[in-house]
């Protein structure tokens, strides 16, 4: 049984057809990547799942429940957490306060445990606990965004472009963490322009091209594919 | 005379502070200049007046009803106008003009319904006066100052200690990200407007009692002062609104007494401009860190 | 579709700009209805038989045009003036069987709007006289227009000393600010001695002018002006700062020139601050709203006015003439409230014009103006022994009142 399923999902921005009947599936425990060029509709897919943009038609199911066009708050309560494109931490708040906000809907007693888990996962955050988020480096902000998302104890974590604007060394670090997160029991759906590294760390992948899913395969296979190589590995 | 002037300045400053708090909260959360705030202030006073004089009910009951209704009006302005604009991702200017329009609608409705002449308003806080040296301080003034302090402290506790305050700050910094935390942004924004309405009504009614009268110009005459007080203190920062209000009240009074009554506003605002030239973010404002 | 909507919106907006509509349109709707009713009433009485004692050859020029604030902050004054004018018109037409009419227009208290209306008025051939309703600014703004057109202009509530000089046919109805101020200063001197006087005045043409004259007169009596401060009206209700200043100066007499709502605040706050002095207020306070605002908190305050007070307390005190009693009765019957000085001035302005037209036998401006100028000891409702001097300034007596138990009681000299 798929944990997350998108069936014929259509999203329009006014007269622009951003997603034209896409179909995707993520099974529990998987790491799935959605790759594609700029403007292909990757972020739109994430936003549609989270209820930040409306679906014109189609169905999104999570854990057996129809969550199409659900209010963001409900999606979060159901256990789907998004770490958005561009990190979007709360710049005036400290690292700690940002993390606490991630746990906004959780009961108070459970928070210390989550905080410890996040600090174990991302020790750099502990170091900079009281630092104002706006003054962190790009990589640290990405870690914070992920940590904040983990504070919500997600069943499924959506990561939108975690490598954007980061140096290769940091990117590796981040993807290492993504592996670790899987071992903690969280399913992950990943959106990336940096196809190579994403595919290296995923089980399966989808390729999105101007609103259409054009390819769906095991990540291994895609890495070897000439087609994909030509089209997407230039974008490193 | 100086003591007297300071007492008077504090009184008028407390009123400014009360209304400025609501104004600055809305700005803090939404980056929206809420022009309708001063209209709610007048609305609150008039509704209290209406319920008290039209029905025979106890004054404080009328006051309570008015607080609720004013809060409701604040809620209404957000829910039925501003929220729709937010949904459509309209530019900030649309929201600003909407609040301006709402302000005119409320003001004019009051003028049409009640007439433009001043109405006499009974002072239920008249418990006499005390003397500090040669200065006369009425209990009404003392109560107004205390009420402003209590409300300020309560709101500060809410916004700086409680979770909901953190949520407001999150919405202020990034509305979409706040939603991703599971925060019900619409609900919290509505709450901000309701609180604004409560505060405006309390201030308006207390002022009505202090001056024993209400008139249809009271909203517009205080509007610019509130804006100035909030900006002076650092717009969006709660203690800033309080300090800004008090400072403005005292500066105004001192200028009026020692320099000129006729040029009072011109000079007060010049001082405000000077302060802002030195501290552009206001007394308590912080420079935004925008490295994200 | 969107474009069509946008075009429609632009069209509507341009139209409303052309017709000079302001943001207070909503408020304008309501009084506009009574406006129509008023002129209809006036027109209705033109159906009466034209068999009166004196005859007036008006050749169709039988309309007067009055403009005043029927919306906006001062609508209460505009309405009172209009009511007085309407009453005078109806009573005159009934008494003499004439068919005069009056058109009421809304200048919103804005001199620019008043000038717009003035231009409309002079192009109407049936109008022989214009009346500027409230205040001096609208009257003075429109005076050049009417002077150019050689049309009679009555300034119903315009006391600015410069008004009479603005045209050969421009007449103020209230007392000239100059003579009124001198009169006030004289009475204050008579009652309280020429000692230390503190003056707080509103920063309007009227306030500035009247207090300048009072100051001049007071100093000529050897008195001392200890505080002379202005304030911006409608801007604030808090006068504590300047009142504390006045308190420190220890005046014998404290005169405030302000509209009644501000005057109420000023005196009440002065009492709160325990400012010990003889308070004196202007005629603008002589109304019910003022008494409601002050309650019995400022008893002992004197109020001076060149127009009488029509409140019940004055009636009770006796020595009110029959004409005034009748006026109060008629006004209350027609409008459900007591008249005040403004209503009386509205009444008198119309009556003066019509009485003069009757004497002249025509509505031609020069003839009517001649008769107006010749007025001496006119039995007007808005003053004692009304007369015009050679400069077209109105001269009358001053009424003195003291506030006792929250009511105005006449003080006999």
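In order of appearance the chains are A, B and C, and numbering begins at 1 in each one.
Keep this in mind: contacts are C-beta pairs under 8 Å (C-beta built on N, C-alpha and C of every residue); 3 or more make two chains touch, one makes a residue touch a chain.
Bear in mind that the values here come from a model prediction, so they are computed numbers and not experimental data.
Student: What is the identifier of the chain with the smallest separation between its Cα mean and the overall Cα mean?
Tutor: B
Student: Which chain maximises the distance between its CA centroid and that of chain A?
Tutor: C
Student: How many Å are there between the centre of chain A and the centre of chain B, using C-alpha atoms for each centre?
Tutor: Taking the mean C-alpha position of each chain, the two centres sit 42 Å apart.
Student: If you average the CA atoms of chain B and of chain C, how many Å lie between those two points?
Tutor: Taking the mean C-alpha position of each chain, the two centres sit 37 Å apart.
Student: Where the centres are mean C-alpha positions, what is the separation of chain A from chain C, in Å?
Tutor: Chain centroid spacing, chain A to chain C, equals 75 Å.
Student: List, in ascending order, every residue of chain B touching at least 2 other chains.
Tutor: Not one residue in chain B touches at least two other chains.
Student: Any idea which chain B residues touch chain C in the complex?
Tutor: 1, 4-5, 8-9, 11-12, 104-105, 108-109, 111-112, 115-120, 129, 136, 138, 207, 211-213, 215-218, 221, 252-254, 256-258, 260-262, 264-265
Student: Which residues of chain C touch chain B once you look at their complex with the stated criterion?
Tutor: 23-24, 26-27, 30, 72-76, 200, 203, 229-232, 234-238, 240-242, 244-245, 247-248, 260-261, 264-265, 268, 272-274, 289, 292-293, 295
Student: State the interface residues of chain B toward chain A in the complex, per the touch definition above.
Tutor: Touch residues, chain B against chain A: 163, 166-167, 169-170, 173-174, 176-184, 286, 288-292.
Student: Which chain A residues qualify as touching chain B in the complex?
Tutor: Checking each residue of chain A against chain B gives 50, 52, 72-73, 76-77, 81-82, 84, 86-93, 97, 100-102, 104-105, 132-136, 141, 148, 152.
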